[in-house]
Structure formats: structure tokens, C-alpha cells
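So, here's a batch of structures to check.
After this come two complexes, each holding chain A, first together with chain B and then together with chain C.
What follows is the complex of A and B.
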């Protein structure tokens, strides 16, 4: 029995046992009659290996692409950050993360982590980036940033989807974003089989698996057992070259069971997106509701900075040695400055800024880029110093604010 | 991986500005100045659009075009009316005299729908510095008079002294088939016009409401009152256009700071049809 047969069987099992009443189940069901499917994208040609094999895959990919730098998640001061990696083995494999609203700790028991505090956004649209350098005589001095090639290693499906959302806003328009986006030569995704406590990616269709927009994806089945799949011809070439074994029946079964588990765990964490959108439209001007749900917010903007899809920036001029450097800097909509103009303020009250964050993700992004702007990574919840939980706001919306 | 993305209109760094020479500066009212900026070459811009004006070391401000551009002998002359508000506008008005340079990039935004207004009556409602972006409409209608119906121009300011373009208001009233109505929020010696809000004047206009276009610009509170009064008189939602203001940094829809509901005011506006923004206009801080 090959993988494909198992795929259908696994999907059937999922439908029967866990997903019957969820929106995703309907989608999977309709897809299971076709050749492609929502979960894999290439008929689930699954391969199996360990971290050593991942190392081989990365090495082969680097050889194939030539002179590329690796970016991914790595340990940094007892947290996990997104940044440049010296080697593939910087991927944390012997630690887990414990995440709760307003809480993040690294634990040495366990081997799965969910996500970093910084996302690929930190690479694509750096917190501070040069826009222009101007002389006193108003002449432009161009900054000659060199060409680069980059591989994203092990990014999670939620972060990969966040990139597509940012593409919709910034690609082809923001010079720094466009250049950095074009520098990405390959994407390796790590699927999440055990969601963290603040995660809800499946509820916004951003995970825990990925079906397109990647070259190679892997999932950590057990400690050193990884299930691989490819999402592009480049990925296929590399996996074949690496000599990976086809996954056995037991692996495929375990993989789909874990995926189904993860989905059923997360889907119930927020209301259905369509219901949320309806409630948001009705509540848009309900000041007392927004004041209530934002009452613990202090307007620090942490949520904005850790959010993989927040893109707002300020432009500051910094004068040095006869030149003015125009620097783009992240600006969070939760901070007081957002909406502040000389002689007035368009969002003076904190509730209006908190509301913008929520409305933008769920109502405005769909109109701006055609998809919900929240990827359910839960970073805004984990890294909120006050533990303000976006999911509470969303659930209150639908429940009618009586809780 | 082959990234399937499309670069739309992306050529070079869109933040690169052009260098313009200040050739004239007119004090309109206390704290309000009109700058005449000259460039080599043609600079295409439409009434209702705006430019980002850059002052070295300080930053940029979005300023609407305040007169029709003049293009002749290989150079362009643009007018921008600036009111002193923050650091950059202070630097412009205090620091930039005739003969100074300024950075300018644009044009941005959509502009007033003057083509759609052809054959219809035009009503202009402006308050304070909000008159500046409306002024090119008046000039355009004057130039292409036969294309439009009756024109009503309603202009208001806090005091008569604060009214910009005082020296040419009479000329507006003298345009064929045009009525000029002025208002001052506070009474003043020698002021023979309305005392109160400019929006009060909406009750006094005589137009074919069913075949009209209304262009409004001013403080947002004033624009809301204007909308209410216009709707009350039977103007259609689709015929009312407002020019909005927001915090703006880029002008090209990437900095995100000018969001108004799901719109980027810099790119989707600054001119909006009321029917497109009615869900947002009444929501404080949206």
C-alpha cells in the first residue's frame, strides 16, 4: 500500500473521528475525491528521516543554489528568535517552549517549540531600514545594498502564510521588502504537530500543515523522526538526491493523526472567522465593548512588533555628518504615536487603536489582500506583558459581550 | 522555489524626490502660506492630488495641490498652501524663503472626479485650510466653464482674517453662473457675510440636487455636519465627495499609518465618495 492510499484512509479516519463538524472537514472531504489535497499538495509523497537527513537536505540545497545564507529560528537568551544561522544545527532540537498569555519560558524537557518572538518579518522588513540618504543640497545618495541569496530554514506554516499577506501589501511597492523578498531562493517549512497553548493557526487556515508556497517541508513526528515532503520541483530534486526513504505506513498514519489532533485542538479556540467578521461589522462603533476588551492594554505595541503581518512604519530623519538618513522604523498601531499628527490625533483613545488591530486583521486585510491578516501564531498573546488575549476579545464578540 | 509574485509598477526607489526651487511665497492668513515651486520638466498632477514635501533633516508632509499646475518653457510651476502645524511645516514657513530648495515627490492620491462632474451642478464646501485642495476645482471650472452647470462656492473660516485667498475671492463670485457664499465662525467689523458655520450655508444654495456633485474639504467635524446637511437636503450619497486627512508617511500605501477603515487614504483617497466611507465616517477613531 503506497502513501497515496494511506492518505485517503487517513483522511477518512479523520473525518469519521475528529473533524466531522468543523469547517476544515468539509474542505478535506471535497478534496479527497480529487488527486490533490489540502494537507500535502503533491499527493503526499512523504519521506522519512532524521535531523541528520535534514542537514543533508540543507547542504544539498545550499550547493544547488550556491552561496546562500540560512535564516531560521534559533535560541537566543532563553528565547527563540528568527535570524541568520551559522548552520542548520542551530535549530533548537532539545528544548521546548511553554507559552501562555503573557508568558514564555524555555523548557529542557521536550523537543518541540512553537515559534520565535521575532518572525520572518524581521528579515523582510527590518525594524530599522534605510530608505534614502539625502545631502544638505537635496541630492540623493543611493545606498548600494549588495545582492544576496537566502534560504528560510524551518519556518512554520503560520509564518509562511504571513509572508504571503505581507507580499500583498508590500511586494513591488516597498523597495526594502521587495528586494529582500526576492533574495529568498528557497523555503523549508517545519510543520507543527503539537500546537502551543496560544496557537490557533488552523482556525484561520494558516496551519498546522502547508500545501503550497514551499520547497521542502518536514514535520517532527517523534524526537528524531522527521516526515518530509516537497512542494516544488527544486524540493523534489533535493529530496531525491538526499536519498530519503519513503515513509512507512506507520509514519503516515501517525502524521495524519497528529495533524488531525492539532487541528481539532486549535479550531475550538476561536469562533469561526465568518461569524467573527459578522460580529465585528456589527460592533465597529460599539465604544463600550472596545473599551472593555482593551481595558488591560497599556498600548506598548509589543503585539505589533511580534506580529508577523503588522507592517506599519514611521519614517525618521537622522542627521549625521552632513547627510540626512531617512530611516523606516516599525510603528505599532497600539502605541500613542499611531494617528498622531501635528495639531491633532486621529486615534487618541487607546480603545480605537486596539480596535484597529483587531479590525485590521479580520475585516480590513480581507479587503486589502484578500485574506484574513491573522495567522493564529499567538505571538501577540504570548508576548503581551499584560497577557491580553486576542482570543478572549474574539470570543466575547461572538458571545455578545456578556462574559 | 519560483516565487510567483508580480511587480506592479515597481521601477526604482519610490521615495526618491525631486528638487524644487521656491520662486514665490505668499502669506494668505496668519500661519498660512502659499509656495510657488518650480521644476525643470513636466510634473503632472490633478486637482485633489497631493505631494510629499521634504525638508532636509526633518521629514515630509503631505500637502495638496492648491492651484492648477502651469507647464511652460520646459518647466512646471506648482502651488502648495501650507499651514504651520508641526516641525516640518514650521521649518517650511519659517525657514524657506524665495530661492530656497525643497524636496518634492508625487503626485499621490486619486484627485477630484472632475470628468464625472461634467454637465452637472457643482457645489464646493470648504473650511479653513481645507479650501486649499478645493481651489484647483474652482480654477478648472472657470477655465472649462461650458462643461459644467451652476457652481456654488461655500467657504468658511474661524475669522475673516483666517480666510485664505482673500485677494481673489471676488473673482470666484464673478465666474459665470457662480454664486459665492462666505462665512465666519465669529463676527468681525465690516463682515457682511454669514456669521456661523460654513455648513449653515448649505440650506441657502440653489442647485439641481438630482444632477449635482458636491466637493467638501475641511476639519472632519465640519465635513460630517456638511454630509448630514447635504443628505438632509436630498443630495445622493454617491454625489458627495470628501477629501480626508490622516497621518501619512509614505504616500504609496506601504507605511500603513494613514489607514481609515480598510482604506489607505494616501492611495485610495484622499478624495472619497461618501457612499464608500459611510460605514467609517461616523465611527470615532476608526
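What follows is the complex of A and C.
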């Protein structure tokens, strides 16, 4: 082993340890067998290319699957949202998002885009979705959503984990969700190598990288240098077909360094989940604490609507001329209506609704789907018009919490 | 056939125009007949009806008595518009000397008989249903009429305008562009018209009468001030349409 290789190895063992501590090591470091000449076996099956290559990959995937529509984050009129794309080149590549509590801007000085107010949830469980249509003769008319095939392009690891959480809640139960979920034929994930200011995905094990549940993933090392990997046989087939080059040592090194930096930056933003859960159980009944942390909350429900895992809906019947339509519409647990039931209101005071939001994400989702319901995307922080910061609440919960 | 009456108090007639619009749908015309509506029907005295829609706020004794008699003659009372529900823009005069206000508007103020206070209809009589708005949303009205004809009622959704923005997929003008917007503290129902044109909500459906207290409203005012909005403008907007609710909140306790 020459000196340089030795230094590399030392550095990666250190990185690996840091990653192991976060519980992500296995995921990120899927090929941990190091030999003396290479950083990891076959350079971790990483490939390298540019956006042109991503275009080729998308095109090959569309050809392979036949007649699929692309959905992802797209840039249009200085605005980014999740929706159907005409072409892969609508993905934001020349702008960065600046996110702070209650603050979002698109900046042309950077090039790393995290996410917008909308997420794949907008496709999987549309904000107002038709459940059924009833004719004047009280017959149920089938809704013609039709068969479709969809490829998710450039969704983030946090978004992908949010899909798994929604699957646990809605798949096989909500016909609308199930049908739309089944229409997804392939998933291309964009990993985040630089977290946004409100991000904390690694602290809830939802990112910044992805290890399963995708076909192809890529990360933006530099402006037009992308590192690709595959997560399925379909993905492998497409990457080989596209003729991508194997990543060189320098790419692999830069990739893992950036991942490790992102993780260490984000992990310090909230306390450990186990500590949070313990503190939550202890402080459920601490009314003055919850009133204090929700003192700036006005119950607008923005956090619910932008959350990629919030799934609550209100059922509303719309009577039109000659027919009636039953729709499901997003309705957040922070809004007053949510606790309004026949005979009364079970969460009249706003602090109890804010508390429910936090309790549900960290204590109740584990009972429902076996994992916390927060993916650390930070959308609830960014899009809160009053800048209420969930991380502040979480850290105040745990005495001696960081921040 | 349900018999309908429309009564107008102190208001601009914007909401009752929506009633005229609703009666252009054939399925509504086939189930409802307008018995009393001074703008449309040549009937001077209101008789017994199944539903009465009341627009506007109460400014004087005459209107207060009218509203009480209307309640006695109608099976179901619907208060329509921010005026009937919260007092509307005219309630901004509450707190000023009523004689000064009269002088500012009328050439011969001695003929104007008004209370110094403005009363929403909901303060004087029990109403069975409320449709807020300035003016009310036409589809909220047609939805009510169609459901009522089936023996039902629309569900009441108490939420902020923000919910409508998000469901429409509109990017938040406040967060993403720094435009002062009253959406978070304003009653929903308009479908987020102003934010859909890139401008901030100015609260015409009235300030939320639920969930807010003095501390929260002050926090929200500070947020608008941070965005560069003039303090007087903030006050004028927050007071604008739901002044009675606003002052109740600021006096302490929730509205």
C-alpha cells in the first residue's frame, strides 16, 4: 500500500465511522469491502456523467417502459413546484433555493435545489381528489382517471421515504392513493449533497442519500458532474445501456466527503429521535410548554399541507346540476375544523392541535407504520408564515438539546 | 317549491347579486321561488317563507326590529356576507363619535338615525347558517341551495385562506416573495383569489373568530411589519372587515 492509498483509506475509515454513528453507514456504504488499491469494491458501483447523460437515462427509461409521463420538480416562471414535466430539462439546474423559517427564495447564484412547497404527495393524494360521482338516479358513475404510467424524476430521498410512510397508511386502503401509487413505474432520485438551512433529514434517517426503493439515483457533485447509481435491475440495465463511465476515485472521494459533511451538519440540528420520543412521552401533559412553543401559531395549517407525510382529508359532497361529486380534500390537523365532530370539538384549544402534530409525527406514526412520520425535509419550517420552527420545539423538549 | 326571501340591511348589495346569479341555474329555479326581494319582486311586505337570506349589518333600531320580525316569519335564516356576520367595513366607525362620522358623510346629518355601534345580524337573532365573504362566493351559495333542496347542508369548514392556496397549488406570496398577506388569519371561502394573482390577501372574509388571541395577532402584526408593511396599514387591514372580532380579540381572550 503506498502512502497516498493509505491516507485515502484512513480518511474513509473515519468517514465510515461517522456514517455508522448515524446509522446510515450500511445504506451509504453499501460496498464496504475495501481493498488496498481501491476505495471500495468496484468504486461502489458509482457512475459519472453530466445532465446530458441524465437526459439519455430518462429517454432510455421512457423507451423501456413505453408511454410514461414524467413527474418531478420543475422550474417555471421563477417558481418551482412538483408536477408533470414536458421534458427532463425542466428540472431546476441553474437555480438554488434559499430556505429559512418562514422564508423561501429562488436564487440564480447557486445551483443546488432542495425542494419546493409541493411534494410527490401532490400527485399521490391530490389536494382535491374525486372519490366518486353519483348520478341523479343514485348510481355510482366510475371516474375516468384512466390507466397511466408515471416516472418520478429528481425526487429527493426525504420525498421517497415520505412515500413509504404514506404507503403504510394509505396503500391498499385508499383507492385513489393505491391507483396512483401503482401507476409509478420507475423512480429516479436526486440525492442532496448540500442540505438547505431548514433540512434535518439525516437526523430522522431519511437522507441525504438513498439505499433502496429507487431505480436510479444521482447526486450533483459539481455543476454538471453527476454521480449515478442504480437501485434495481431496471436501473442497472438503463445505466449500462446509457454507457456511463465508472466513477473515478476522486469522484467517489468527493461524493462521500460531501455526504459525511451534510450528515454531520444536519445531525446537530435536532436531538436524537429516541431522546425526543422519551421527552415527548414525559411532557405530553405539560400544557404551559405546549402553549409556549405554539404561541406564534395561528392555526393556518400550512405545515400540514406542505408536509410530505400529512395525509388527512375531509370528505365533501359537491352537488352540481344533474350529479353529485364526492371529493376528498386536504385538511390539516392544525385547522379548527379538524377537531369538529358531531356533538362538539375535541381539540378546541390551538396548542392541543400543535401538540398533536408533533406527537403524531414522532410517537404515533411508529405505531402506525413502524417509523417516525417526519422525514426532516423542513418544509413545515420554511413555509410557516410566522416562521414557527419545529426544531426549536424538539430541542426545547429535550433538556440540553443542541441549538 | 321552497319559498325564499331576501332582506338587505346596511350593505353594498354585492352579496345579494350572488343570489340573482344563483337563480340563473335551472335546477335551482325549479326548486326555489323568490317570494320577497325588493330588488326583484314587486312585493312590499314579507310573508312567511322557508328560507330568508339576510345581507348587511344592523345600524339602527328600525333594522333591528326588522331582523327580529324576519326571524319570526322564516323557517331557516341564512346570514350572508361579512357585514351580517362580523359587521363589515362600516364597523370601522365603532369607537369614533357617531356625529363626526355622520358629518363626514352626509350633507344633512340630522336626518340620519344610526346607532354608535354596528351590530352583526348574528348578535341580534339566532341564525341557522352562515356564509361569510365580501361578497360571498357564488358557488358557496349554489352549493347551499342544492344541498338544502336534498335535505342537507354544506359542511362548515373553519380554516385560513392558506388552506385554499395550498390546495390550489399556489406558492405562498408571503413566504416566497415577501408580500404582506392576511391569509393566515383570514376566514377561508374565497378560493384564494388575491394570492392567485400574486397579491396578498386583504382579509375581506374577516379575521378568524377562532384560534386567535392577542398574543398571536401581535405576533402576526410583527411578521407583517418585518415584511416592510406600515404599522398603520397593518392596523387598518386587520380591523378592516372584522373590526368587531378584532377588537374582541385585542380586548383579551379569544373571540
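Everything below uses one rule, namely that the second predicted complex is superposed on the first by the 349 of 403 C-alpha atoms of A that agree within 3 Å, B and C clash if a C-alpha of one lies under 4 Å from a C-alpha of the other, contacts with A are read in each partner's own complex, and residues count from 1 in each chain.
Criterion: contacts are C-beta pairs under 8 Å (C-beta built on N, C-alpha and C of every residue); 3 or more make two chains touch, one makes a residue touch a chain.
For clarity, every value in this text was computed on a predicted model and none was experimentally measured.
> Chain B or chain C: which reaches more residues on chain A?
B
> Should A:117 be classified as contacting the first partner (chain B), the second (chain C), both, or neither?
Only chain C is touched by A:117; chain B is not.
> Could you tell me if A:258 is touching chain B, chain C, both of them or neither one (first, second, both, neither)?
neither
> Figure out whether A:204 sits in contact with chain B (first) or chain C (second), or with both, or with neither.
Neither partner.
> Touching A:331 in the superposition: chain B (first), chain C (second), both, neither?
In the superposed model, A:331 contacts both chain B and chain C.
> Where does A:316 make contact in the superposed view: on chain B (first), on chain C (second), on both, or on neither?
A:316 contacts both chain B and chain C.
> Which partner does A:158 reach: the first (chain B), the second (chain C), both, or neither?
The answer is neither, since A:158 touches no partner chain.
> In the superposed arrangement, does A:91 touch chain B (first), chain C (second), both or neither?
Once the two structures are laid over each other on A, A:91 reaches no partner at all.
> Using the superposition on chain A described above, determine whether A:306 touches chain B (first), chain C (second), both, or neither.
second
> Answer with first, second, both or neither: which of chain B and chain C does A:360 touch in the superposed model?
It touches chain B, and chain C stays clear.
> Identify the residues of chain A that lie in both the chain B contact region and the chain C contact region.
Of chain A, residues 314, 316-317, 319, 331, 340 contact chain B in one complex and chain C in the other.
> For the complex, give me every residue of chain A touching chain C.
Going by the criterion above, the answer is residues 79, 81, 83, 102-106, 116-118, 122, 127-128, 295-302, 305-306, 314, 316-322, 329-332, 335-337, 340, 350, 382-387.
> Could you list, by residue number, the parts of chain A that touch chain B in their complex?
131-132, 134, 136-140, 142, 167, 169-175, 177-178, 181-182, 184-187, 213-215, 231-232, 234-235, 284-285, 287, 311-317, 319, 324, 326, 328, 331, 333, 338-343, 346-349, 351-353, 355-356, 359-360, 363-364, 367-368
> If you look only at chain C, which of its residues touch chain A in the complex?
25-27, 143, 146-147, 150, 152, 155-160, 162-163, 166-169, 171-172, 174-176, 181, 183-185, 208, 210-212, 215-216, 219-220, 223
> Under the touch definition given earlier, write down the residues of chain B that touch chain A in their complex.
Checking each residue of chain B against chain A gives 1-3, 5-10, 13-17, 19, 54, 56-60, 85-89, 101-103, 245-247, 249-250, 252-257, 259, 261-262, 264, 279, 282-286.
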